[in-house]
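The data blocks that follow each hold one structure.
Next come two complexes built around subunit A: one with subunit B, the other with subunit C.
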Partner chain A sequence: MERSDQDRPSHPREDEHEFAEERESLWRITLGPTIWAFHFLISYAAVSVYCFKFERMFSMGVLRIALIAMTVAMLAAIAWIGWRAFLRWDVRDTGEFSNPEGSAEDRHQFLGHAGFLLALVSFIGVVYDTLPLIILGTCR
Partner chain B sequence: MPRETRARPTFLSGPSRLALLSFLLLAACEGRQSALVPGGEDARILGDLFWVMLAGAVVLWFGMNGLFYWATRRSPAAHSQRIANWLVILGGIAFPTVTLSALLVYGLSIMPDLRATGDGPVIRVTGEQWWWRVEYEREDGSTVTTANEIRLPAGVRSTFLLDSKEVIHSFWVPSLGGKMDMFPGRVNEMTLGPERPGIYRGQCAEFCGESHAWMAFEAEVMEPDAFEAWLEAEAAPAVTPASAEAARGAALFLSQGCGACHAVRGTPAVGRVGPDLTHVGSRHSLAAGRLGTSTEDFAKWVANPGAWKPGAEMPAYDHLTGEQIDAIAAYLEGLE
Partner chain C sequence: MTDRSIPAGDLAPRGIYPPTEKMLNEPVPREVRERQEENLRRAWKTPEGWRYWTAVNNSEVGVWYTMTAFVFMLIAGVMALLMRLQLWVPENDLISADMFNQLFTMHGSAMMFLFAVPMFEAISILILPAFLGARDMPFPRLSAYGYWAFLIGGIFVIGSILFSAAPKAGWFMYPPLATIELGIGSDIWLLGLSFIEVASIAAAVELIVGALKCRPPGMRVNVMPLYAWYVLVVGGMILFAFPPLIAGDFLFELERSFDWPFFDHTRGGDPMLWQHLFWIFGHPEVYIIFLPSIAIAAMIVPTVARRPILGYSWIVLSAVGTGFLSFGLWVHHMFTTGLPNMSLGFFSAASEAVVIPTGIQLFAFVATLIAGKVVMTLPMLWIAGALAIFTAGGLTGVMVAIAPFDWQVHDTYFIVAHLHYTLFGGMVFPVIAGVYYFFPFFRKKMLSERLGRWSFWLIFTGFNITFLPMHLTGLLGMPRRVYTYPEGLGIDWLNQISTVGSFIVAAGFAVFAWDIVRPKKDQPQIERNPWGAGTLEWSHEIPETKWGVRSIPHITSRYPLWDQPKLVERMDQGRYYLPDAEEGLRETIVTSVIDARPIQVQRVTGPAYITIWAAAFTGGAFILPTFHIYGPAIVSAAFAVVCILYWLWTSTARPPEKDMKDVGLGLSLPTYAAGPQAVGWWAVWITMLGDATAFASLVFGVFFYWTSNTAFPPPGAEHANGYLVALSTAAFAAAWALTRGARGLNRAGRVGLARGALALAPLLTLAGMGGFILSVMDLDPASHVYPAMMWALMVWVVAHGIVGTIMQLYCLAGSLFGKLTPRYDADLWNVTLFWHFLGLTALVTGAMMGIVPRLM
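So, the complex of A and B:
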C-alpha cells in the first residue's frame, strides 16, 4: 500500500500502526541482500560439489540450466522488492532525494530509499555471480 | 637581511631522477623473466590483459584528476543538488557497474584459453627444498627424470602436474604464462603453450624457506624435432667418463657416498633424495639457477653447498682435497 500521509485514513492508533509498518520495512530492506547471499551460497556449493564429485558422471548442462533458472527467479524477486522500495521512497512525487528530517514519514521514505539501493546492488551482485556460469560453464 | 641560500647536495635533479627511475623500471621489462615479453600463448593473453588494464587505469587517472582539478580550481563553488545527485548516480553507480561488468566479462572470456587441455608432453614437477624434480611421462609409460630445467616443444600445449614434497612452492615462468602453487599431497594441473624458442627463467613464487630466492630454473622452448631428440638423449644412461681425471671423479663420487642421494643412471648411484645428475653437464645452470656450469662452479658447489644456498641439505665436502674436488667437478661437468 503506497499512499502519502494525506490519503491515508486516520488510524485509531496511528503511531502504533506506523511503528509496525517501519518495523516491517526494516525487515524488507534486508530481503535483496539476503536473496543475493543465498544465490551466491547455492551457486558456489552446487558447482563445487558437482566439480568435486560428479564431473565425470554427467555433463554440467542440467545443473547450469537449473542455476540459471534460479537466477532468473531471484532477479525477478529482487526487481519486485526494488520496485516496491522505490515506490515507498516516493522520490518522484516529493522530489526529496534524501530524507533528513526524521519525521515518521521521512523515516518511511528513507527506508524505501535504502531498500531500493540495496536491491539495486543485490541485483548487480546476482548478475556477477552468474556470469562465470554463463561464460565458462566448465569445472576447469 | 640577506636571504639565506643553502646549496643542497643532490645527486640528480628532480626530472633526471625521474627519468633514471623510469629507465630502471623499463629495463626490468626486458629479459628472460619478463611477463611483458611473452614467449608463449598464455603470457601473450596475460600481457594483453595487463595493457588493457593499464590503459583503462591511465584514462581513469586522468579523468579523476581532471574532475578534481575542475572541482577545486575551475569551479570551486558549491554545486547544485541536482548536479551532485547525477554525478553520484552516473559516476558512482552507472560507470563503475558498466566498467566492472565489461572487465569481468573480458576476464572470464580469456580464461578458457588459459585453461585449455594439453596436447603435448606431460611433465610432473615437484617442489623440493630448494630445487625442482622434473619427470617427463612418456606415452609408453616410462618416465624420464631430470631436475632444475624444463624443456618444452614450441607450438603445443604441455601439461604440468605440480606437486610438492614438504612446503608450498609456486611454479612460475613469467615469459610463458601465469603461476600455480604446488601443495604437498595434492597435484595441481596447469598447461602452458610456448611459441617462441628461447631460454626463459622460472622462479619459485611462494616463500618456501631460507633459499627461496635461489630456487629458480631454466625453461628452454625448442623446436619440436630438437625437443624429441633431447628427450631421447635425456632418457639414455649417463656417458662414461672421457678423461682419467673424470674417471677418478666418478670413483670418488661413489666412494664418498654421493650415490645415496643422487642418481646417475647406468651407474650404482641410484639415490632419489637429491637431483638426478645423469645429464647434469648439459644443463644451463647448476643448483636450481644458483651457479653457472663451468668446472669451477661444480667445484664450488661440491666443496660447500651451504655457502651458495643457505639451508641446503647437501653437506659440505670440504674434507676432500682441492684435487679430489676438481676430479668430481670434471666428472659431473662431463655428464652431458
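So, the complex of A and C:
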C-alpha cells in the first residue's frame, strides 16, 4: 500500500489541512504523557487538599480507593492509545523499526512509533506514581 | 496575475512541488549565478564600523550571546574559587560571612540564569538555522532584543557584587530570609532576573517557531535533526517553567516594595508558596539546561560513529518524555518541609521514573557508538567525559530522590557534589564538546587539538578531585553555604583536596579560553566538512558568506550530506529555492509544520538600532524600581513601548510589493501570511501560552492559601465589590467581542464598521480596567494576604488590559494609514488571538475576585 502525497496540489490552508490528515497521531504522541500529567496532578492535589482540609471528615481509605480507581481507568486509556499507535507504527507488516526516509508513509509510521514509546513510558510513570497510594496509608 | 478578491494570506502556493530530478539537473548560467550572488551579498551584508552592533543576523547575535554567557560563566567561576580559598582551612577569615553569602548566591544565580539557560538560547540561535538550511531565524530583531536585554540585565545583576550589594539569600531566595533582607540585593535578584527571564521567553518563542516553520522543504518531522526536536521540547518547557517563577517574582517584589504579605505568615501569607513556585520552575530548569546540551551529543555521536543514530524515535521519546516527567519532580527539593508523606511519595516516584527516559537517550548514544566505527575526535572525548560524569550524578540523583535518604543529606555538601556532577556532565562537558565541534562552522577556523586535550584532562581530573570528596564531606555532616567550619570534624583534608581540585579546573578553563580567543590569522583555511558529518550545517561556505545558505535545499533524508550526493553542489550553484534576492530583501522559506511543504516567503528584518533602544528602555523599567525610583521607571517603560511599536509598525506585516514570488524550480509562493499560516501568529500563540501559565500560577496561589491557611479568606473579610467586578468582566468580554468582530468585518470589506469596533473596544477596555481598580479600592493590601491577592489579580488584569488597548489602537491606526486592509490583516489576527487569552484572563479574574472567595 503506497500512500504518496507527493503529487497532490498545494492546499491553500496547508497547516490546517495537514493537521486534519495527521491530527490523530500528532495529538497522540503527547496524549500518553498528558494523561500521566493529569494523573500526577490530580493525585497530588487530592491528597494535599484532603490532608490539609478534610482529614477529619472521612478516612483516607475512601480517597485511596477513588484514586486507584482513577489510576486503573487512566492506565486502560494509555494502553489503548499505545495499542493504536503500535498499529500505526505497523512494524509487523513492514518490518521497519526505524523510518528514516522522507516519504509520507515514513512520517506516518514514525509518529506511530514515537506515540507508542511515549505511551509505554507514561504507563510506567503512572504505575510508579500509584505506588505511594498503595504503600502509604496516612497523611503523616 | 493574482486574484485581488482573495485575502493575501489565503493565497495558495502555485507550481511544481516537489522538484523533479530533471529540474535539479538543469544548470544555472554563470552570469545569472554571479548576479544572484551579488544580490544576496548586498541583502545580507553585515553592517560595518560602529554600525556593526546594529546587526541582527543570527550569525552575529549568536556569537555575541555565546561569548557574553561564557564571560559571565568565567566570572561566576572566579567566585567559586574565592569560596574554595575561604574553605581551604578551618576558621579562615579571608572572606567575611556577608561576602561569602553574596558569593554563593551570585555563583548559583549567575551560573543558572546568566550562563546555563542563555547558553542554550545562544547556541541554538547560532546553529539552528544552519541545521535547517534556513537563512536566519524567523524574528532576527527579537533575537537581538533578547540579547541586549540579557547583556544589560546580566551586567546589572553580576556587577552588584562589586558594590557589595549583591543578593545573599541563596540562589533560590527563600523567604522569610529574602523578604526581610535589608539592602537591595534581593530586589536586584528579583527584578534583574525577571528581566532576563523575559529575554529567555523571547528566545523560546523564536526557537519554537524556527524549528516548526523554518525547516527546508521536504524535511518532515521524522527526518529533522534531533537537535531540532530537543529545541522544540525545551522551548515548550521554558513556556511552562519560567512563568511560575515570573509570577513568584511578581508577588515577591510586591511584598518587598509595598509590604503586601504574600509570604509573611503573621498576616496570613505562607513562605511555602514561594518554594512551590520557585521549584515548579527550578526543577524543569535543570532539564531545560540538560536536554539541549545532550542534543549536542546527539549531533556529534553519529558523526564520530560514521553512521546514522540508532533509535531516532527512542531519542524523540526520551526528549518528550523527560520534558513531561520533569514537571513532576519539584517537591523533591522540598522533602524536608513537612509536607504529607504521601505527597512526598508521589514526587519520589516521579523522580525515579524520570530516570527511564533520561537513560534511554544515553543508551541510544552508546549503542550508536558500538555499532559504528568510532573516530575518537576531540569533541567525542568531551562527550565521553560528559557521559561518565553525568552517569555518576544520575546515580546520586536516584539516591537523593528517596525521601529518607534526602532527609539525611539535605543541604549538605552531598547535594553540592550531586548537582555539580549532573550539571558538569549534563551541561558543561557537552557544551564544550559542542564548541570544539561547531567552532569550524561558526568561526571557519579549527581549535587546537593539543590545547583541547590539555584542557579536557585538566578539567576532567580537576572536577573529580574537587567534587568526588564532597560526597564524603557532606555525609560527614558539613552543611552547604557556611562560610567556615571548626577544626577537628574530619573534614579539613577533604576541603583542602576540593580546593586544590578547583584550581586545576580553573587551569583547564584558562587553557580552553585561551584556545578560543588566541589569534588564528595564520591558520590555513579549514576543510568545508572537517568532521565528515552528515547534517546540513556542514554545507556552509568557506570562506564565510553571510547569506546562510546559497539556496534552500529540498531535503529527503536525516543525513542529507551523506545520502543526497549532489546536494551541496546544487546548493552552491543556486539550483534550489530562493537563489536570488532581486528586491534586495532578506528572505527565507516558511514551510508547513509536519511535512515541511513550502507555503510562504518570509521577509525577515535587517540591522536596526531600535532593538537596542527597546532593550535599554525595557531595562530601565526593570532596573530603576530596584532603587525605588518609580516615576522614571514608568517613563522608561513608556519609551520601551514606543520603541517596540515603531519597530513593529515599520518592519512587520507590511503589505508586500507583490503577492506572489517565484522562488525557483517552478514554484511561486505567497509573500504575505495572516492567521495560523503566519509565523507572527504562532509567536503570539506561544507567548500567550507562557503568559497564561503565569496567570495560572497566581490562581494556584489563591487556592494554595485556601488549603494552607485555616482562614482564607479570613472570617468577616471584606470582599471586592461584586457589582463592579461583574461589570468590569462584562466590559472586557464586550471589548473581546468587538475585537473579534472587527476581524470579520474588516475581512468582509466593511472597513468603516471595523474601525468603529476598534475605536469602541479600547473605551470598553478602559472602563473594565477602571472597574477592576475601583472594586478593590476599599481593601487594604498590606493588612492580610487575602486583600493583597485580590490586588495582585487586579494589577495583573489591568497591566494586560493596557497592552490590549494599545493593540486595538495599533490596529485602528493600521487601518487608517493603510497598513491593515481587508486583504492584509495579519495584525488583526494576532491581536484577536491576544484578546482570546485576555478575555479568558478577565473572565477567570472576575470569578476569582467575585465568586470563588465567597464560596471558600
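As a convention for this text, the second predicted complex is superposed on the first by the 121 of 140 C-alpha atoms of A that agree within 3 Å, B and C clash if a C-alpha of one lies under 4 Å from a C-alpha of the other, contacts with A are read in each partner's own complex, and residues count from 1 in each chain.
One rule holds in what follows: contacts are C-beta pairs under 8 Å (C-beta built on N, C-alpha and C of every residue); 3 or more make two chains touch, one makes a residue touch a chain.
Because the structure is predicted, anything quoted here is derived from the model rather than measured.
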item	value
Which superposed partner A:Ala104 touches (first subunit B, second subunit C, both, neither)	second
Partner chain(s) touched by A:Ser59 [first = subunit B, second = subunit C, both, neither]	neither
Subunit B versus subunit C as contact partner of A:His113, first or second or both or neither	second
Superposed model, subunit A: greater residue contact from subunit B or subunit C	C
Touching partner for A:Cys51 - first (subunit B), second (subunit C), both, neither	second
Partner chain(s) touched by A:Thr94 [first = subunit B, second = subunit C, both, neither]	neither
Set intersection of subunit A contacts, subunit C complex versus subunit B complex	124, 128, 131-132, 135-136, 138, 140
Contact set on subunit A toward subunit C in their complex	5-6, 9-16, 18-19, 22, 26, 29-30, 33-34, 36-37, 40, 43-44, 47-49, 51-53, 98-102, 104, 106-107, 110-111, 113-114, 117-118, 121-122, 124-125, 128-129, 131-133, 135-136, 138-140
Footprint of subunit B on subunit A - complex, ascending	97, 120, 124, 127-128, 131-132, 135-136, 138, 140
Subunit A-touching residues of subunit B, taken from the complex the two chains share	81, 85, 93, 97, 100-101, 104-105, 108-109, 111-112, 115, 117
Sites on subunit C touched by subunit A in the complex	10-14, 17-18, 218-223, 308, 310-314, 316-317, 320-321, 324-325, 327-328, 339-350, 352-353, 356-357, 555-558, 592-595, 597, 599, 676-677, 707-708
